[in-house]
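Heads up, the thing below is written out as structure tokens.
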Amino acid sequence: MSGLSMESMYQEIILDHYKHPHHRVLLEDFDAEVHHVNPTCGDEVTLRVQVRDGAIAALGWQGEGCSISQASTSVMSDLVVGKDIASALALQELFLGLMQSKGSAHLGDEDADALEDAVAFEGVAKYPARVKCALLGWMAMKGAVAQTEGARP
Amino acid sequence: MTSSAFDVEAIRKDFPILTREVHGRPLVYLDSANTSHKPRAVLDAIEDFYAAHNSNVARAVHTLGSEATTLFEASRDKVAAFINAASREEIVFTKNSSEALNLIAYSISNATTTPGAERFRIGPGDEIVVTEMEHHSNLVPWQLLAQRTGATFRWLPIDDDGRLVESSIDEIINERTKIVSFVHQSNALGTVNPVARLVERAHAVGALVVLDASQSVPHMPVDVQALGIDLMAFTGHKMYGPTGVGVLWGRYDLLAEMPPFLAGGEMIETVDMAGTTYALPPHRFEAGTPMIAEAIGLGAAVDYLTAIGMDAVHDHEQALTAYALEAMATVPGLRIIGPDQPVDRGATISFALKGVHPHDVSQLLDEQGIAVRAGHHCARPVCVRYGIAATTRASFGIYTTTAEIDALVAGVARVSEVFA
Amino acid sequence: MTSSAFDVEAIRKDFPILTREVHGRPLVYLDSANTSHKPRAVLDAIEDFYAAHNSNVARAVHTLGSEATTLFEASRDKVAAFINAASREEIVFTKNSSEALNLIAYSISNATTTPGAERFRIGPGDEIVVTEMEHHSNLVPWQLLAQRTGATFRWLPIDDDGRLVESSIDEIINERTKIVSFVHQSNALGTVNPVARLVERAHAVGALVVLDASQSVPHMPVDVQALGIDLMAFTGHKMYGPTGVGVLWGRYDLLAEMPPFLAGGEMIETVDMAGTTYALPPHRFEAGTPMIAEAIGLGAAVDYLTAIGMDAVHDHEQALTAYALEAMATVPGLRIIGPDQPVDRGATISFALKGVHPHDVSQLLDEQGIAVRAGHHCARPVCVRYGIAATTRASFGIYTTTAEIDALVAGVARVSEVFA
Amino acid sequence: MSGLSMESMYQEIILDHYKHPHHRVLLEDFDAEVHHVNPTCGDEVTLRVQVRDGAIAALGWQGEGCSISQASTSVMSDLVVGKDIASALALQELFLGLMQSKGSAHLGDEDADALEDAVAFEGVAKYPARVKCALLGWMAMKGAVAQTEGARP
């Protein structure tokens, strides 16, 4: 990690996802699309989902912004694709809680396991200004899923 | 590096916060354009006021009240002398630059319903001109003034080097122009604008000139009479003074005719349920209990700067700017946004780093103890102009050293490595 | 005299200025309604901010910036809890009460030219109601709003005892009334107004209720939800906090619909030369660099008051009021202006002394070390109402003792002697 | 002086003039009348002068306000009645200078002699808030005299 300290916000996992983001492609066949912008820093993401039988069958996105927002969206994509919507939203809740903890959260083993690579963002929670970056993709996913639910109640 | 009389190490000792560590490293604070630190003398002035003289001003005949009033009004004298105002009555204390600029804009729209203030009325067909490099605080108030009055909001464009497009000046500032408001030194680009050129054109067409001096007053000698402007705003917290205090300066004859803005205690002459008459400037524009301790602290900051001398301050920062521009040019992938030569520009340097978002640059610098700012610096149109979401900005002050600039340059190189 | 938990001597030790002498006598400070003194905890919070965490808020991702933001926003939480606001987003920091009240008045006139803000528009035929006992800061802003919009400015009269004329309420507040703004506790008379009665009537006719709580928040428990009001203003320097900071509280749904007032950095969502969108409350109403150290100092003042307990504060001051009213009644030629019984009134007592002008009373008290205020107390219509040019006013706070009231009574008797 | 300290602003002379003001009557036969108000404290004075051969032949006033404003007007009246206008205005200048000195003026013997009882107001100069009170009558006199000059150039 080029000599960054262990407490650095920039964990290897984050940099990897930033340099080689997953699911960073816009689906042709999708049920909902959202575009989210973080007005304070200009980060943005366009995200499309395909829902089948109450599960996220596919998800793809494009975006611009800092490593935190882009990597977090990449990690989120890995986590939710293939999951049923309820589980995906539960993960979103878990991640949101972690981010809003101001760095004082102590993740239980179970939660840590569920969040997989997303645990690497724990350090971001200490920086209020960056929390929104880490949440951008997650919020977009939630918004997109809500849209599909609205469309097919 | 710096003028012989200027002793940056001695100055650093006056600033308690500079002994701080961040992430286990000595603080390298390169965010003075955002807010500056405060010397011990300013902290002591505030403490002494509250602990020994605290009282409301102007309203009391008792001893503490008269001491407080004397201290507060002495600060007005100091500020007036600092910018060479023709009289102390030309200094209005506000909460920050933003309030000072809004004060002007609201006073102008209030002229519409104030008998006797016809000279300040604007409306459909009239034009208000700013520049594309304004801080939002000198941009949105004028957009809103246009919205309130039906006047047209226009702006002078900037070129690829971060300078005003000279050829646009005579076209955009024209017979319809009533107000020209522009930044003296840009907080986003460092550019120092050609005040004389703009004042000449604005006055030739009969427009009022408002100068946003938030980023110049702390860094160079500013003489309002020599500049020939009409109104000016600046802010305490960027000039080594406290938060919560700013200044509107205006030519007395203008202030005397301007309708009031905020209404309340102390800005009145006499109040009657049927109607009210207003005090003369500056009190007309200072409604309610003023920022007493803050104005006194600002007076101490002015004393501090005056003792160093604004010429020496300017020399020091010009030298830092030249040093930094040269050093930063050596960093691979680093591009300066704004003038890249140390001419007509101040010690505020925005840049882009190839492949790394400004928020990541600044955060990774912070992990090395180096504080810079990332974002649109409240001048989003500048970023739009250059097609970028944000810049990273390093900005210097009287306590900045070349060693700190070296740390910045090394730190940025390190950031590039991490993201390579 | 006071509730058992309340130890006035211990409290006095927290206030550095109380060791001062004036004209060779120990300071007897009876001018807390003008401005209060500041406890050591407030001075320390300011010093600690500047010396260890100073930075601009919201705009920086570096460590100091994030520490400053955390401290600043924590003060918002403290203030919200102190007045039982439904959420922290309902707390807007202003420079003082006067700005908070003007903010409301300007936001309402800005509604005229702001799409989507129809609900706040007022104009000819609409009425704005205040009371005859308002501080100029809650009077002139509404006169000017009437001037800007063509609405009619009206007021509830006061009776000989310094109370609102009950029978006028239902007549003056009527179907045409859009805003009712009144003082919770009068700074000139001490009167505590019947909030419930006025809120009920105002809401029955669909008017917004604005409360000027500048003189109540420092002296009694204030619960905005229990009061049922819509908007409220108060000021830091009267509640043992710093100068340069005040608060606007508003019901979130109202704030969310109110057009912006001051424009500039941090109150925007996105800025474009062609137009601007605005942030959500509270930031929409906080343009420019806020009074950071001041808000943090106010947070420390709130902590200080909370630790004492506002019920205990109120008990202490009610006891002082009863004691003082009784003692002052014994002074020949002294007439209380305002309620002379300790019921629905606060610890602020205005009086006239036969044959002696208030300025002479207060000056001669000052020569004995006793600080009181003389004048119209920025509520000139009150003096007009009672046919006097001015009053002398003694006002108490948490650090006031009965011994100080004894000194006042003896001092006034001495004044009478000198002028006999 | 009922035990007031020597530094008290309320010198015996001031109290005497306040309790028994001189020239406190409105002239019937006058050349100019002015009404001056001190808006911050509400003190007011109405003052009339009669000018003959370039001198203040008579002066009378009525007013309301604090002891300082009333006594100062009384003292001023004594001083200027019978004086030629130039001398009266010179005294006014002298008194103004004394008041604006913030308490740091050291009156020469000559000036002190010229000001007579008005010297008692020296202590007022230390209280910025009260300086206007002491000046009220003097300013009114100056205004009234200027009016007569305007009328007969």
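Letters A, B, C and D mark the chains in the order given here, with residues in each chain numbered from 1 onward.
Everything below uses one rule, namely that contacts are C-beta pairs under 8 Å (C-beta built on N, C-alpha and C of every residue); 3 or more make two chains touch, one makes a residue touch a chain.
Predicted model, so just to flag it, every value in this text is computed and none were measured.
Trainee: Between chain C and chain D, what is the gap in Å from one C-alpha centre to the other?
Mentor: Taking the mean C-alpha position of each chain, the two centres sit 39 Å apart.
Trainee: Where the CA atoms of chain B average out and where those of chain C average out, how many Å apart are those spots?
Mentor: Going by mean C-alpha positions, chain B sits 30 Å from chain C.
Trainee: Determine the centre-to-centre distance between chain B and chain D, using the mean Cα coordinates as centres, and give it in whole Å.
Mentor: The mean C-alpha positions of chain B and chain D differ by 46 Å.
Trainee: Could you tell me the distance, in whole angstrom, between the mean C-alpha positions of chain A and chain D?
Mentor: 80
Trainee: Considering chain A alone, which of its residues make contact with at least two other chains?
Mentor: 127, 130
Trainee: Of all the residues in chain C, which ones touch at least 2 other chains?
Mentor: 23, 60-61, 65, 270, 359, 363, 374-375
Trainee: Pick one for the touching-chains graph, please: line, ring, star, complete, other.
Mentor: Looks like something else, not a line, ring, star or complete graph.
Trainee: Can you give me every chain pair that touches, using the contact definition above?
Mentor: Applying the touch rule to all chain pairs gives A-B, A-C, B-C, B-D, C-D.
Trainee: Please name which positions on chain B make contact with chain C in the complex.
Mentor: For chain B paired with chain C, touching residues are 16-17, 20, 22-23, 27, 29, 31, 34-35, 37-38, 42-43, 46-47, 50-56, 59-65, 95-99, 101-102, 105-106, 110, 113-114, 132, 135-141, 143-144, 147-148, 155, 235, 237, 242-246, 260-268, 270-273, 275-276, 287-294, 359, 362-363, 365-366, 370-375, 377-378, 380-381, 384.
Trainee: What does chain C use to touch chain A in their complex?
Mentor: Of all residues in chain C, those touching chain A are 58, 60-61, 65-66, 69-70, 269-270, 279.
Trainee: Within the complex, which stretch of chain A touches chain B?
Mentor: 1-5, 7-10, 15, 18-19, 40-43, 64-68, 127, 130, 133
Trainee: Residue numbers of chain C touching chain D in their complex, please.
Mentor: 23, 356-360, 363-364, 367, 374-376, 383, 389-390, 414, 417-420
Trainee: Could you list, by residue number, the parts of chain A that touch chain C in their complex?
Mentor: So the residues of chain A touching chain C come out as 39, 126-130.
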